[in-house]
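By written order: A, B, C, D, E and F. Residues from 1 in each chain.
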Amino acid sequence: MKRVVTFGELMLRLSPPGQDRLFQQPKLRTFFGGSEANVAASLAHFGIRSDYVTRVPQNAVGDAAVAAMRAEGVGTRGMLRGGDRLGIYFVEGGADVRALRVVYDRAGSAFATLDPADFDWDGLLGGADWLHLSGITPALGDGPARAAQDAVEHARRSGVRVSVDLNYRPALWTGRDPRPVTRALVGGCDLLIGNPGAVRAMLGVGPDAGPDAESDDALRASAEAIAADLGCRAVALTRREVITAGEHGWSTALFDPQTSTLHRSRRWQVKVVDRVGGGDSFAAALLHATLAGRAPADALEFATAASALKLTIPGDFNRVTADEVDALLQRTA
Amino acid sequence: MKRVVTFGELMLRLSPPGQDRLFQQPKLRTFFGGSEANVAASLAHFGIRSDYVTRVPQNAVGDAAVAAMRAEGVGTRGMLRGGDRLGIYFVEGGADVRALRVVYDRAGSAFATLDPADFDWDGLLGGADWLHLSGITPALGDGPARAAQDAVEHARRSGVRVSVDLNYRPALWTGRDPRPVTRALVGGCDLLIGNPGAVRAMLGVGPDAGPDAESDDALRASAEAIAADLGCRAVALTRREVITAGEHGWSTALFDPQTSTLHRSRRWQVKVVDRVGGGDSFAAALLHATLAGRAPADALEFATAASALKLTIPGDFNRVTADEVDALLQRTA
Amino acid sequence: MKRVVTFGELMLRLSPPGQDRLFQQPKLRTFFGGSEANVAASLAHFGIRSDYVTRVPQNAVGDAAVAAMRAEGVGTRGMLRGGDRLGIYFVEGGADVRALRVVYDRAGSAFATLDPADFDWDGLLGGADWLHLSGITPALGDGPARAAQDAVEHARRSGVRVSVDLNYRPALWTGRDPRPVTRALVGGCDLLIGNPGAVRAMLGVGPDAGPDAESDDALRASAEAIAADLGCRAVALTRREVITAGEHGWSTALFDPQTSTLHRSRRWQVKVVDRVGGGDSFAAALLHATLAGRAPADALEFATAASALKLTIPGDFNRVTADEVDALLQRTA
Amino acid sequence: MKRVVTFGELMLRLSPPGQDRLFQQPKLRTFFGGSEANVAASLAHFGIRSDYVTRVPQNAVGDAAVAAMRAEGVGTRGMLRGGDRLGIYFVEGGADVRALRVVYDRAGSAFATLDPADFDWDGLLGGADWLHLSGITPALGDGPARAAQDAVEHARRSGVRVSVDLNYRPALWTGRDPRPVTRALVGGCDLLIGNPGAVRAMLGVGPDAGPDAESDDALRASAEAIAADLGCRAVALTRREVITAGEHGWSTALFDPQTSTLHRSRRWQVKVVDRVGGGDSFAAALLHATLAGRAPADALEFATAASALKLTIPGDFNRVTADEVDALLQRTA
Amino acid sequence: MKRVVTFGELMLRLSPPGQDRLFQQPKLRTFFGGSEANVAASLAHFGIRSDYVTRVPQNAVGDAAVAAMRAEGVGTRGMLRGGDRLGIYFVEGGADVRALRVVYDRAGSAFATLDPADFDWDGLLGGADWLHLSGITPALGDGPARAAQDAVEHARRSGVRVSVDLNYRPALWTGRDPRPVTRALVGGCDLLIGNPGAVRAMLGVGPDAGPDAESDDALRASAEAIAADLGCRAVALTRREVITAGEHGWSTALFDPQTSTLHRSRRWQVKVVDRVGGGDSFAAALLHATLAGRAPADALEFATAASALKLTIPGDFNRVTADEVDALLQRTA
Amino acid sequence: MKRVVTFGELMLRLSPPGQDRLFQQPKLRTFFGGSEANVAASLAHFGIRSDYVTRVPQNAVGDAAVAAMRAEGVGTRGMLRGGDRLGIYFVEGGADVRALRVVYDRAGSAFATLDPADFDWDGLLGGADWLHLSGITPALGDGPARAAQDAVEHARRSGVRVSVDLNYRPALWTGRDPRPVTRALVGGCDLLIGNPGAVRAMLGVGPDAGPDAESDDALRASAEAIAADLGCRAVALTRREVITAGEHGWSTALFDPQTSTLHRSRRWQVKVVDRVGGGDSFAAALLHATLAGRAPADALEFATAASALKLTIPGDFNRVTADEVDALLQRTA
């Protein structure tokens, strides 16, 4: 069985019931989520042995965070305990013309205040096949940035493959240039995931957004720039079209620098139950399909269908098996 | 007031809240349902006096099953008490590209282990106008098969009309040929309901599925074969198109062997709230409209609209009045 | 800050959870609502100082009614206490082909039995910029009709602008001619809101409904008739197309008698979460935009978009800010 | 199987969840209840054939009321349909030092406005063994009072035994003297149930309340006065001690005029889950035990234990079997 | 109508449903609370005009906080908007031998980071009769401490009476001596509330805890020391006995330095529904009774009974009227 | 870290909300539980490495069962997948005089139909310190009985200590003598847990129940007989007094055959939230305390307090830490 390690921040998500606005009723549903936790959870559902590395507080909230990951089948030995609080985000899902609304309350979190020296990457990555991170982590503080860089460097030294999902969140980079730290993290990775806008903003390469941003040529230009400039061995580009809060288009592309081939997936249009974690479910499924030896075009279709399924599932995690993804592909072939 | 008797298995349905996956929250909503119970409940809402014959255990689950049928206005004198358990099925409704998921746990049920001798068909069918069964019952065991055959034979002897809804469930027939027992049950019935695939598999007549399976000619061929070979006096053919878990097409046809007329209903495309019991609601409404003396084409439109409504109602039962069905037909005329 | 006063009946709304039929589960969600209360609540969310005048009983239901308005930020000094009961309405939202179902239980309410002499319009309207009423109030009894007329007359004397939303409810006018009392209320108002059918039925002017009822010419004819015959200074006409219980079209028009200009809004097609209060949210947003000095065409688009948003929000109140409405307009420009 | 008919008003009860105050959350739980409906439901759980006679509106609330009674196993043929509304009462259960709070909204109900001529007592009481009423009905209006008197007179003529539970509600008698109408209803009954205060207020006999009101002598004096003055063949006296909202004492006595024997039950002290319907459950259980031929002392213990159980069950109905009552008596012997 | 102003931090409280442990189900109930907010809410229920001064963020959480206070009838003009987050506390109520568990997540709150210069005490206290604060505020940071001191000084200059509830929370004072800042705040106040332990720890006066800590002599010694040393005009001492998580004893004393009288209340033993806010409800009720001119002994009994009632109400606020408190006193006299 | 392995059947528990009767609302809360699973979960909360061995079906119910154990921190490598169904039990908690009601539906479960050859006890027990079983397992069928015996024999050969909790369930032994198979399982164990009645019925030793059954002498006689006759190295005897459904007494004793000492715990009287799993929580805590090297008297007090805490926690698992147990002991010392 393959083993993947992911590293990043876990947060408590609080959402109102049904299609209510936040606090319209005195009731919140709890989820735990975070880009890399979502990847770990999805991989576990695919039958991959996945371990999640993070830092959560030593209190009832942190206990629940660990239990939530364990319940999904994720290895939690790397969930260090310490710090003052778990970051929180309030998510109101919206409905049709009413847009998703998110209120972040993540400052001062256990993860943001971590000490990179506390992470024993030798132990954590020992025997792993793959390390996955996101571009959020270096934005959260010097400690997380340093730890992410340590992890990547250790992985490279140990022959563990590395993927990074850019996950561009402009609000986290206010007043800072994301490019130096992100480029350092991404350089030489085995798989880079992002959308063309994020690529431009965080890596400083690829074409600017424009009317043709989604053309084969533009995607190829973006992907080739990443491969050439940053030495990434594969590039996946995603496209989310927010038609309404309740309906999204979703399609992706995968570029193989070795063969200079650009694969494009079919486009899904999905009635959205919960959009949070959609991109993460794509990353997880692409890792799974790659580790399972599927050919690039097949892997891309698998990953894109998996994330279409995610959009129908409450919470941040993609609780679907590989069989369910394949069944969807067959049903809709 | 007309009186209809239905006979079959009642089960406890357990479903997660909202659009959750099963056990995503530690909460299940309970429903009771079963093909023939659903028909009985729908008929009661139409103002028909309907009695339901089955067997449920003598415990709190069986008590609740009886209370559930009573609440709908169904006569429960024929709900015998005994056996070890009520069959259970877990239903996860799915959402858009995520398909419905059902886990059956029905082995060893009070119904499957019934003794046909316990059913006093003289008393149960006395004064009835109609007996309705489904093709599920004979698949559940020798006892149910025998009891169903007894009921049909008694009905014929007493001038009670008989309808059978094929309700083909391949999983129940694994390793057995459904044709002999189903043909015996169906032979000479007043109304047979099924889809062309079920007709082929359970009765061994009609064309195989193919690109033209839904053409007038194919439907007519199927219906004529049933009428000719099995002596059924009317044949209703249904078509469910599962566009997604949340959207279905639904249309039907009715064949009158006497006049060799094939009526086809309008096609409904419905945002599905709960698909379980859709076919049963069609059967119930067709019985109601027939007993109420509506002309075949009108009866078919009524029944098809009734089942379109069912798809919008949580649970297995079609809790709509005839007035509501007629109002829908008028609104959308 | 501008100040608007609204006057009308507040009711307790009881709705089943999710897409259930009424009483399918032993649970009801409570809302408070009423045409003019909805306007007041929406105005408060837009940052307008709004005061609501009504009469609710001196018991726990009345207390909750006051608290509900206060929670929205509405001034409740004008909510008189007395009478026997708060009117109730049961609302089952329906789903797709299953239509909305409403059961009214409003007879004998505190509002219907009010004594017009209890309302000190001098105090209640002092310092106000605008008074808003609906055509429901005069239908509820002689007391409410008298009080509404008093309010309008007082407003005119004091230079407070007046708007009336016709809100035609045929069931409330059974056996009575709505025209005399409505015309008296409406005459000379600053803004009249209605749809062409209501205009015809309650004011006796404008073209009858017909195939061209929504043409520019027909709308203009309706609006001009109101302006000419009743001296209203502006006329807004609304159009709700009930495609299904879950999907509505919504578009509006605004006529300016001074310039004889007819502005027509874009048409929204919305997946409906809760249709109750849609018209009221339009009225509120049009008042807000007018008081904020937006040009008629802009005000109309703002108001129409605001009510599109309302359709996505559970309950009678439009809990959106002006920023959210503007953001929607920008997103969909 | 014995058959009991009860006649009285059914209401919709709305209660907040858990120990909340009314409207603290926007959620209400629905129950249906009413003194005589509660008796009918409890009898059905005891296996008695019970029929309930009342009047409920022809709308979704009335439909739910009928379904609720049917679900309990009560015969609903006598539930006439008509009138404007079902009476409502809001019940906040209280907790410990916080007392129960009830808000009534029952004016103008379908029952209060019934026409006594609509009740065919010949048909309704045909084959019945017992008729049960309460002293609430005559307080609700002339129609109900007349209908109750008709029922009693018809029962006497037909040899159907009659019981009346006084159920003294001072608020319903404001400005009227309950004695004439109650005495007429009660005269010659087979079983009268009440507490000494109600006896004094509604029948005008028995000692006034005082320090010794619960002594054997006082109870005997009360019961003897009823027997002598009103010709009742048995008298049951109940005593509820409200220690807190969450803990009640409950004890009863039964007087047999023939033998002049006063039986007193054991005293139960119960942690209260729902106090509504406690007295009704006593009446039902006493009827059941009497019809089952239990000796007076046994019947009294059975009935008192049954009502102790009721206090632990949410809702107005006592959903317990006779076996459960007997098991409690054995467990605590 | 009297007017009271309170000043302090408002927090979001999150609690699991029923008697669950935190996160045992993925559901939390939301409340808003804080010592001084609780006092303001309770006063509003007593019919006092109360205004609450605090600082909450400009986001959906802050909006909900304002709406929550408004719903209780509290004036919210003094709820400034700004800062990053609202403090949160997770409360698991416990049950019997399982103790209450609280997880605080309040660092970096809008209130803790307030700028004292933003509070216009002239405007906020204009026309007020009373200012109430707690000893929590100075522990939250220099800004809050300064603002509290400003408020007190302004109140004294303007003839507004001042009360302080010590509310000793050792965890907030770790590493700091609470005495200097608390003594400055308290000096010369009109009413000081605390328990003997808090008095000793925060003011440095009164006897140490010991076996006789609750004797008249000890209480009197504590109170006299406060009066003498700090110049407080009245001292109320409270005693909570935590028998289990579900049962508390509650009793209080009031000392009048002028007459050197020590009044002691009756002792309540209450089944606890929600203990949070118990002390605050006492403070509010004592203020109310004092402002209403009740004699000290009566005021003390009123306040103690009010807080007994609070313990039966979910949430931090004491949603009871003065009539309800008086009714309890009468019922249990 | 110590490692404990437990082996037994896991079931799905379904319970109504709050204090409802089963199916009073159409809602059930789900729990997973089973005597040995409960022990494993409790041990995990105490920080022990615990692994659970069982067999659950390969479907969504089985997946949820595994996730539930994982969430508690239990090792699930030994949870084999196969068989048709997971056993179910419906639990209605009762309230005060209304007793707990349980409906079992466990026939034909994956566990009951296991093949003992599928369990690789070498692998499962490798490195374990302790094996825990209950007397339920051999009652469930020949396969489970054989597997339990295999496990015990393997443990003895490998130096793994063994404990058995008798858990006498007469209904499971109907028509069979529990003694031979239980004695074989228990013989030579390191710790036997039971109550005197179970000891007598399942092992055939010790005094019969009688008025002195709980005297030191009787307990000692029971324990000595077990030690002498079956060679057990320690014997724990438990006593549950069911005062009402909502209040239990709980006390225990521990006998050390080496020193012939009988330790008796303090007696707890607890307001019960959920009684299921109380005995299992005692077993788990006694194992933990023993493995942690606590002296017998201390271990017994710890274990008894732990199970007192369990009675306050919804569900079958004792979600408390050792710190919480110790804190309770200190609070109540």
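Here is the rule we use: a contact is a pair of C-beta atoms (placed from the backbone, for glycine too) under 8 Å apart; a residue touches a chain by one contact, two chains touch by 3 or more.
Just so you know, these numbers come straight off a predicted model, no measurement behind them.
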item: Shared chain contacts [chain C and chain F, defined touch]; value: A, B, D, E
item: Centroid-based (C-alpha) most distant chain relative to chain D; value: A
item: Chain separated most widely from chain E, comparing mean CA positions; value: B
item: Duplicate of the C-D contact set - from C-F, B-F or A-B, the pair where over half of the pairs recur; value: B-F
item: Separation of mean Cα positions, chain E and chain A [Å, integer]; value: 45
item: Whole-Å separation of chain centres (CA-atom averages), chain B against chain E; value: 63
item: Residues of chain E touching at least two other chains; value: 18, 21, 26-27, 67
item: Contact set on chain B toward chain E in their complex; value: 25-27
item: Residue ranges of chain C in contact with chain E within the complex; value: 66-68, 70-73
item: Chain D residues touching chain F - in the complex, by the definition given at the top; value: 18, 268, 270-271, 273, 305, 308-309, 311-315, 319-320, 324, 327-328, 331-332
item: Sites on chain D touched by chain C in the complex; value: 14, 21-23, 26-31, 59-61, 63-64, 67, 84-85, 88, 90, 92, 101, 103, 105, 107-108
item: Complex interface listing, chain D residues touching chain E; value: 18-21, 24, 94-99, 244, 246
